[in-house]
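Chain IDs A, B, C, D, E, F, G, H, I and J follow the sequence of writing; residue 1 opens each chain.
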Amino acid sequence: MLFHVAMQVRLPPDMPADRADALKSREKAVAQEIQRQGKWPHLWRVAGRYANISIFDVADNDELHALLSSLPLFPYMDITVTPLAQHPSALPAEARA
Amino acid sequence: MLFHVAMQVRLPPDMPADRADALKSREKAVAQEIQRQGKWPHLWRVAGRYANISIFDVADNDELHALLSSLPLFPYMDITVTPLAQHPSALPAEARA
Amino acid sequence: MLFHVAMQVRLPPDMPADRADALKSREKAVAQEIQRQGKWPHLWRVAGRYANISIFDVADNDELHALLSSLPLFPYMDITVTPLAQHPSALPAEARA
Amino acid sequence: MLFHVAMQVRLPPDMPADRADALKSREKAVAQEIQRQGKWPHLWRVAGRYANISIFDVADNDELHALLSSLPLFPYMDITVTPLAQHPSALPAEARA
Amino acid sequence: MLFHVAMQVRLPPDMPADRADALKSREKAVAQEIQRQGKWPHLWRVAGRYANISIFDVADNDELHALLSSLPLFPYMDITVTPLAQHPSALPAEARA
Amino acid sequence: MLFHVAMQVRLPPDMPADRADALKSREKAVAQEIQRQGKWPHLWRVAGRYANISIFDVADNDELHALLSSLPLFPYMDITVTPLAQHPSALPAEARA
Amino acid sequence: MLFHVAMQVRLPPDMPADRADALKSREKAVAQEIQRQGKWPHLWRVAGRYANISIFDVADNDELHALLSSLPLFPYMDITVTPLAQHPSALPAEARA
Amino acid sequence: MLFHVAMQVRLPPDMPADRADALKSREKAVAQEIQRQGKWPHLWRVAGRYANISIFDVADNDELHALLSSLPLFPYMDITVTPLAQHPSALPAEARA
Amino acid sequence: MLFHVAMQVRLPPDMPADRADALKSREKAVAQEIQRQGKWPHLWRVAGRYANISIFDVADNDELHALLSSLPLFPYMDITVTPLAQHPSALPAEARA
Amino acid sequence: MLFHVAMQVRLPPDMPADRADALKSREKAVAQEIQRQGKWPHLWRVAGRYANISIFDVADNDELHALLSSLPLFPYMDITVTPLAQHPSALPAEARA
């Protein structure tokens, strides 16, 4: 089941650089592990912002919340979740160029 | 180049049903043609709303505007475009489950 | 799986009373049928507004959208969906007074 | 009498972990005591956010405010209260699947 | 139990004057009847707007909704309800000048 | 002349408890003195928030600003003032139950 | 007593031109009469909008509402009133160049 | 050329009182000097807020920005500028009472 | 003197196509005439919207308002004006590649 | 390809002056280097705010994000990007006065 997830990161401007770097490094590792599991099929940077737009593919709302709240940057993010449904005009992937 | 496009449809409540149906039918045909060209790789329904969230893959801003303004429902939609960039933590598709 | 659904109804002020009454009557019938199926466990009126706050219990996002878009008042409603997860402090129902 | 209560928690990012843990632990104890009294019949986590959506069942506005302001996280929460009324289409609980 | 109620009236600009006058006249009669019952203790005009700010004194949320939805202008109003509680610094009426 | 005043208090979360208590104690004393003078005829707590809704009865805008800015919590409050006028449907107090 | 008044005019786009012209002509006459009485000391156009920013000088809130609601365009305007007080740094007019 | 300028001051709540006082004192001196030059013809306090509404009379946008950014409180203010034009219904000052 | 002008066009969905075409054709002629006079140096389409972002170069606020309100689509546009000043880091045009 | 970029700078009010000065100095150097490369053709100050409105001319979204996130003030800016397309009424530069 797909969810659209928008994440805006807001690190405190006075966080020491090494702590911010450590956080980001752990965030990257966790994010890539979730991607490898096939549960985070799309992850894009919003141009000009410390923000991303993502698509998650999970079993249910509880799994979605567990994944998002496991992210090391979770306490510093403003996250908005939008449930996605099948669109009647969407073609199957194999029908696209 | 990828763009995140959010479209909210607002048909006037007093539009005759046959005219609305004709519009939606033409919209579907145009939307599927753009998908077949590979320029609209993702199209999802927002659960509970007459709205979609889409990803477009186009050469530039002009092509994006040309495609969006060619949609039969364009005069009835509130559209928000967000330019997407490569995310440094995103794995290539083949690395995902 | 639970979803929080807020619905604000906006009937055009010039809709003839008999057409509005017919719509509302069909809405009530559909709403009660969905409740009987156990998929709409809570439905409350927002005091002072032609609006409701509801909890839906569905298999997935697609079923949720199918149910909501089947409502006769769907074209006249502004609907906001919020996915709900288990809260770690919530007691099971039988533990409450 | 039922009230819809939305709570968004905003702990200062620099609060020491042990103080945050102590606060959360006391919050959980108080929240469960209010649930046991039957005055907080529903408590859900908003997926992806440190927030909840709750239903309170209280005698009046004063009792509601007393309960909410007794929560240890009260100084760190943005709370919105919506009074709920009986919905004319709502079936009694025993009529649902 | 007290509720703060803000009402913004939005009559369609093309409503015939006699129909608007009839509506307003019925609104006034109903509003004064509710005041006579002691359930609408304060009613003020917001300077410069076709809007009011009111205090209602009712038994519960259901009575409040019943009163508000009985107003002839109800379909043309945007209403926001805020539940009020006793303020710890408020003096009893007899202690004020 | 009546004014509707909405005050939202936002104390910094790291203010020492004794300083906050002293502030609140002085606030209460000043608020009650203004009430005794008959210039603050209504003061209600907004249920679930550290906020109030008030009615002030003053000679003019300057007196209103002088009173509000004399409150010890003034630097920590977000205040919104709405001028009130006589409502044509309002009954005199003695005509109400 | 001074009030800051922002008025945004929204004439229905399908209002016949002669009716709009008649309205605007009556509006101008009333606006100039209020200015002649010294109660509308400033009236500016917001560049690029069918809107104005004004200063009114009236005895009290009731006179302000009476003047504003007497404007022929009142039913088509969104009006926001802000009460103004003496600023401690403002020089008397004669002290300015 | 006239501009409408709204300034909301937000001093950090933990700024030492003497530093705040020094800032405000310098602000007053600069503000009065600009008034004496005839470039700040109106300055009003917004009742209930640490905010003002002002009218500036300057040669062009660059002079306006130079004046505003010279204010000692500039780093602590949220400023909104609205360009004003001649209103077709405005009477010359000498035609007003 | 430069102004940033954002224009969002909102034609009524039921405007007859020939009337809309005539309006747009006149709009284009007027817009190009203002460009030829050097007073509208930049005009861009916002991708995905019936909107533009423009830069105007005019003598003062009055000229800006006169130009904008002369546009045939003016009654159907929501326009926001932002005054621009010289940026201290901006290089002269000839210093750019 | 052109993008409209709005940047609002929010330096923490307690940042030491020398650190702020160093940041601004590096910001200016980087901004001027990007201008020299022809990728930042317009940069204007918003009158009255520590903000700018800019036009970027880049190859694609990735280049835009790389440039913006290379700015020394990037962690302190709220940036909004709007993709621009060719406007059908825009004249070529040489056709303007």
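Please note the rule applied: a contact is a pair of C-beta atoms (placed from the backbone, for glycine too) under 8 Å apart; a residue touches a chain by one contact, two chains touch by 3 or more.
It should be emphasised that the depicted structure is a prediction, and the values quoted were computed from it without experimental measurement.
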Margin query: So which of F-G, A-C or E-G matches D-F, with over half of the contact pairs the same residue numbers?
Written below: E-G
Item checked: Centroid spacing, where centroids are CA-atom means, of subunit C and subunit G in whole angstrom -> 44
Checklist line | Gap in Å, rounded to a whole number, between the CA centres of subunit J and subunit B | finding: 28
Item checked: Computed distance of Cα centres, subunit D from subunit B, in Å -> 38
Item checked: Multi-partner residues of subunit E (each touching 2 or more other chains) -> 2-3, 45, 47-48, 61-62, 64-65, 81-86
Item checked: Pairs of chains in contact (touch as defined earlier), listed by label -> A-B, A-C, A-D, A-J, B-C, B-I, B-J, C-D, C-E, D-E, D-F, E-F, E-G, F-G, F-H, G-H, G-I, H-I, H-J, I-J
Margin query: Going by the contact rule set out above, which residues of subunit B touch subunit A in the complex?
Written below: 2, 4, 27-28, 31-32, 35-48, 52-53, 55, 82-91, 95-97
Check: Any idea which subunit G residues touch subunit E in the complex?
Finding: 3, 5, 12, 15, 61-62, 64-65, 68-69, 75-76, 79-81
Item checked: For the subunit F and subunit G complex, residues of the former touching the latter -> 1-3, 60-62, 64-66, 81-86
Check: Where on subunit C is subunit E touching in the complex?
Finding: 11, 13-14, 45, 47-50
